[in-house]
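Two complexes follow with chain A in common, the first pairing it with chain B and the second with chain C.
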Partner chain A sequence: MRISLVLVVVVVAVAAVVGARPSPSRADESGLRVIVHPESRVISLDRKFVSDAFLKKRTRWSDDSVIRPVDQGPRSAVRRRFSVEVVGRPVEAVRRYWSQLVFSGRGLPPPELASDLAIVAYVTSHPGAIGYVSEAVDLRGARVVQVR
Partner chain B sequence: MRLTFRAKLIALVAVEALAVIAMLLASSLSERQVDRELHSMRQRLLPRIALKPQLEASFERVSRSFQDAASAREPDRLDDARRHQQALLDQLAAAGDAISAPARAELRTAFHDYYVAANAVSRQLLADDGTGEGGEAMVGDMEAMQALQTRARALIDRFTGFDQRELVEAFTVVADAQRTASRIRLAVSAVCLVSALLLSIWIARGVVRNLSALVAGFARFGAGDFATPIAAATGDEIGELARHANHMAASLQALDDETRALLLKTQRQAAELAAANKELDAFAYSVSHDLKAPLRAIDGFSDIVVQDYGDKLDDKGREHLGRVRAASQRMGHLIEDLLRLSRLSRAELRREAVDLSELARTVVADLRKRDPDRSVDLEIASGLTTSGDARLLRIVLENLFGNAWKFTRNAAAPRIRFGTAQRDGRVFFCVADNGAGFDMAYAGKLFAPFQRLHTAQEFEGTGIGLATVQRIIARHGGRIAAEGELGKGATILFTVEELAT
Partner chain C sequence: MGGFRSSCVLATCLVASSARARADGDEAALADDAPVEVHGFVSQGFLLSTGNDYLAHSKRGSFEFSEAGINVSKALGDRLRVGLQFFTRDLGPNGDYRAKLDWFFFDYLWKDELGVRAGRVKLPFGLYNDTVDIDAAHTFALLPQSVYPTDQRDFLLAQTGVELYGYRDLGAAGAVDYRAYGGTIFLEVADQPGSPVTVVELTIPYVVGGRVLWEPPVDRLRIGASAQVLRLDGDLLIPPGAAVSVTLPAILWVASLEYAPDQLLIAAEYSRWHVRLESSDPMLYPESRSTSERAYALISYRLSPWLQPGAYYSLYYPDVADRSGRDAVQHDAAAAVRFDISTHWILKLEGHLMRGTADVEPTLNDGRPRAALATPWSLFLVKGTAYF
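And then the complex of A and B:
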């Protein structure tokens, strides 16, 4: 535990030195876990890949199966953190982005589910699904993916 | 049909004029039909073409309003969407006949459905500020809304665009109209041409057939066959010509018959005349011949009486006997001349080149020899030649010069001239003297036999000379005339060969 704490401090320090750039370790630290369907073989993902997947700029996994992103509710703290740290935009900006796509008919946002549990349930029941949950929740077999 | 060419040609022109008018009429009618089809096509299609961008823009404005409302999270902007939606529906209602009523209804429903769906989605998005209750259902709503949007756009496309079948139908209608138009034009043109052709052939055939009949007829007439008339009994000008020609042929036939009859009559008369003349000549010859014997007896015995018994007669008796002898000798001369005249009529004419000047000089030489005491001024033009019987022409000159010699006996300075003179544009030979002359009132009697304008006491002669001259000139086919004035001289004009055939 101590060691891990020291590690985190070091990582944070390095991150601070590098810049304000969000980092997966920081996400991890703030209690955010990106999860995928239990049968997925993915171990780690680029932050860019995850961002694109949630903005549906990228729709296929490397094995060509469909990516099924699932969002938390717009007001949830996890969503806000994910939006800023992984997608790189505030939730409002993302929602504006989706409004444009929705009403011009060019795309549909990922479904928004109200709780970590619902997200876990969705991810474990939909092959190819990817979501994010807070640290505390029981993952029920969903795999955690490292975000670099 | 009895029609003149004039009438036929007028008919031809009239038919052609009617045909041309019909052609123009048909053309303009069919062209108007084509125009009408094209116009209706434009009327239908152009407003529809114009409607498309309008509907699209309005529809996009509605979508954008929803988008703006959702993006800005301002529910008030949903009013904009409602307003734009109303405008869109109004536009659709105002489109009129540009698109069909069912299409309008369908579009209206599609617009409405989309509006309801988009409105619901917008409200949901606006309301969903909390933890997010929408989930997959909301994405489903969005998807449904997008489907409605896609459908509305597709409907706009479909109803304001042209499907190919419709275009093809429109063009087919126009093409049909054009084909009909060209068919009508073609048919009318064909009718015009054929009618013109038939009429022309009809006229030309009439002309040619009648002309042939005319030519054949005239050929017959030319050959003297007037019996068969020209068979061109048409009512046109050639028919008229043929009738006139037939009439002319009939007249010619009558004339021909008459001429033949006259000719026959003339030939008969000529034969009769020739026979009579022959008889007369024979009669004259035998009469003169037979008369000569007693005359010779009278003359001879009178002479014997004078010779043998002259001393027994007194002067009175001898004078009487002398008169008997003179009379019998004169009668002998008369008979001699009569014989010569009758011989002349029968003598054959031998034409040859004759030098009249030379002939005149020998005649004059004879006269001088016979009467050497006379002094006459003679003028004979040289180089007067003609073609005729030299023997007969010598008799002519002997008579004419003899007359001139005789009738100038009492003239103070007798003068005789032989030359040429012009009368009525013709050149005559002439023998002119300044002797006793004659009264022109008796000119007609000059050439009749035994007619004398002077007594035998004044100038001797039998009255046969000029009759002989006239007969010779007539036998040569020439003309003879006399001019003169009492006491001033006479001129005898004659031609020899001008009327010779």
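And then the complex of A and C:
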């Protein structure tokens, strides 16, 4: 019985240490762009729609295709800005929101990628994807959408 | 328990493969759009109280305040998801490290307005019932015990059955989140040392209920209502050996309000639980009817990403028809500080000033009746949690 608990403790401790490594921070803090897949016809989106998409309260575009949000790492400057300006809550509050869903079995957060280039690569290779990057990055065909 | 060990080994392998994928960088993350997700947590706390033993033998200080859980989830296509969580805890006489499946389900989301979960699913009751044991989600180590009694976790946390859920945009009126469920709750009969009555069997033949949370067009405001109807059937043995069957139909409801602008969180809930006790032999085990009243108001503020103090006041009357005496009420004024040491480690310090003994368990206090227990009294908690 106690061995089981010790095993779980070790697993969680190791995973927590592995996961606690800081993500690289963004060099460019001047602004952010919300981007979607190159074949998307979306030009602009309501801020509430984008917020709901990243909180997975909305999972479908208007054509019923799946929305695939992708986040930056929690320490990224562009994530912090996106979180406050678009999602409407600080990164810490968003992480607690996901903790509630993950540990109650009600949902899983979007994947977190560690750089603007990785976000662009994800968005351009996944139909229905939506992400955000800092202004300076090469978009490689990803479409920029205006957030109202 | 061998099954639980096997599951831990399996989870270890999954975590190891997950860590390797992370170490390989974003290429691996891009390769599989819906990998097996593994998450877990471990908590260890310490309880110290004056006056009365509470939740554990806390007057002498107790480390019997541990929790651990690990879950695995996997999306199977765009609409279907499966998952399960193992959970074990020790809280005084409760848990004793018995591992069990905390939740398991398959979840089919037809569209945002309608999804269905089947399996063992956490009960949506009030703002926080389905997240009550998730330390990472809250400022407090103990949520207000009037509405979220942790020693009744087995009765109130999850049901086995079906749940319908959805989220609907109401345009200018905001949005609404709704859940409705029906099923049963499987209970294990726990030993009750010190109790004169032996519980032979407990069953809950049905539990049905639902929750509606309205999000008005005011950022981060939620207004909700929840209701739950259930029946508990029990077979008791009363000394010197008489068998009595009891039935407890119950109706529980709670009204909820939460406002969380920026770094602030304000929440308040008011609840009443109506319980009737019907007995096969009222002479041996009397019938009764009671309505309990439960309420709290809570505030917390994130001063920095790593520091969040908070406070709440919680009130519990076990019977609204009798509000006199120390055993007829429990006031709980709590203050806490949460330290986020890293994105995966939390430490919480918390103090409670209590007046009344309505929520104190006599069997933890040498069988003394609640009217004879100490008041006022206090409780101090320290709790550390690692999670990923």
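Convention: the second predicted complex is superposed on the first by the 118 of 148 C-alpha atoms of A that agree within 3 Å, B and C clash if a C-alpha of one lies under 4 Å from a C-alpha of the other, contacts with A are read in each partner's own complex, and residues count from 1 in each chain.
By our rule, a contact is a pair of C-beta atoms (placed from the backbone, for glycine too) under 8 Å apart; a residue touches a chain by one contact, two chains touch by 3 or more.
Just so you know, these numbers come straight off a predicted model, no measurement behind them.
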{"item": "Partner chain(s) touched by A:62 [first = chain B, second = chain C, both, neither]", "value": "neither"}
{"item": "Chain A residues touched - chain C or chain B, whichever exceeds", "value": "C"}
{"item": "Contacts of A:72 with chain B and chain C, given as first, second, both or neither", "value": "first"}
{"item": "First (chain B), second (chain C), both or neither touched by A:88", "value": "second"}
{"item": "Touched partner set for A:125, first chain B, second chain C, both or neither", "value": "second"}
{"item": "Residues of chain A that lie at the interface with chain B and also at the interface with chain C", "value": "74-75, 92, 95-96, 99-100, 102-105, 108, 111, 113-115, 118"}
{"item": "Residues of chain A defined as touching chain B within the complex", "value": "71-76, 92, 95-96, 99-100, 102-105, 108-115, 118"}
{"item": "Chain A-touching residues of chain C, taken from the complex the two chains share", "value": "1, 4-5, 8-9, 11-12, 15, 18-19, 22-23, 25-26, 29-30, 33, 37-42, 66, 68-71, 73, 75, 78, 81, 83, 85, 88, 97-99, 103-105, 107, 109, 111-112, 121-122, 130-131, 134, 136-138, 167, 169, 175, 177, 219-220, 260, 262-263, 302, 305, 340, 342-345, 386-388"}
{"item": "Chain A-facing residues of chain B, complex", "value": "63-64, 66-67, 70-71, 73, 118, 121-122, 125, 128-136, 138-139, 142-143, 145-146, 149-150"}
{"item": "Touching residues (chain side chain A, partner chain C) in the complex", "value": "1-5, 7-9, 11-20, 52, 57-60, 64, 66, 68, 74-75, 88-93, 95-96, 99-100, 102-106, 108, 111, 113-115, 118, 121-122, 125-126"}
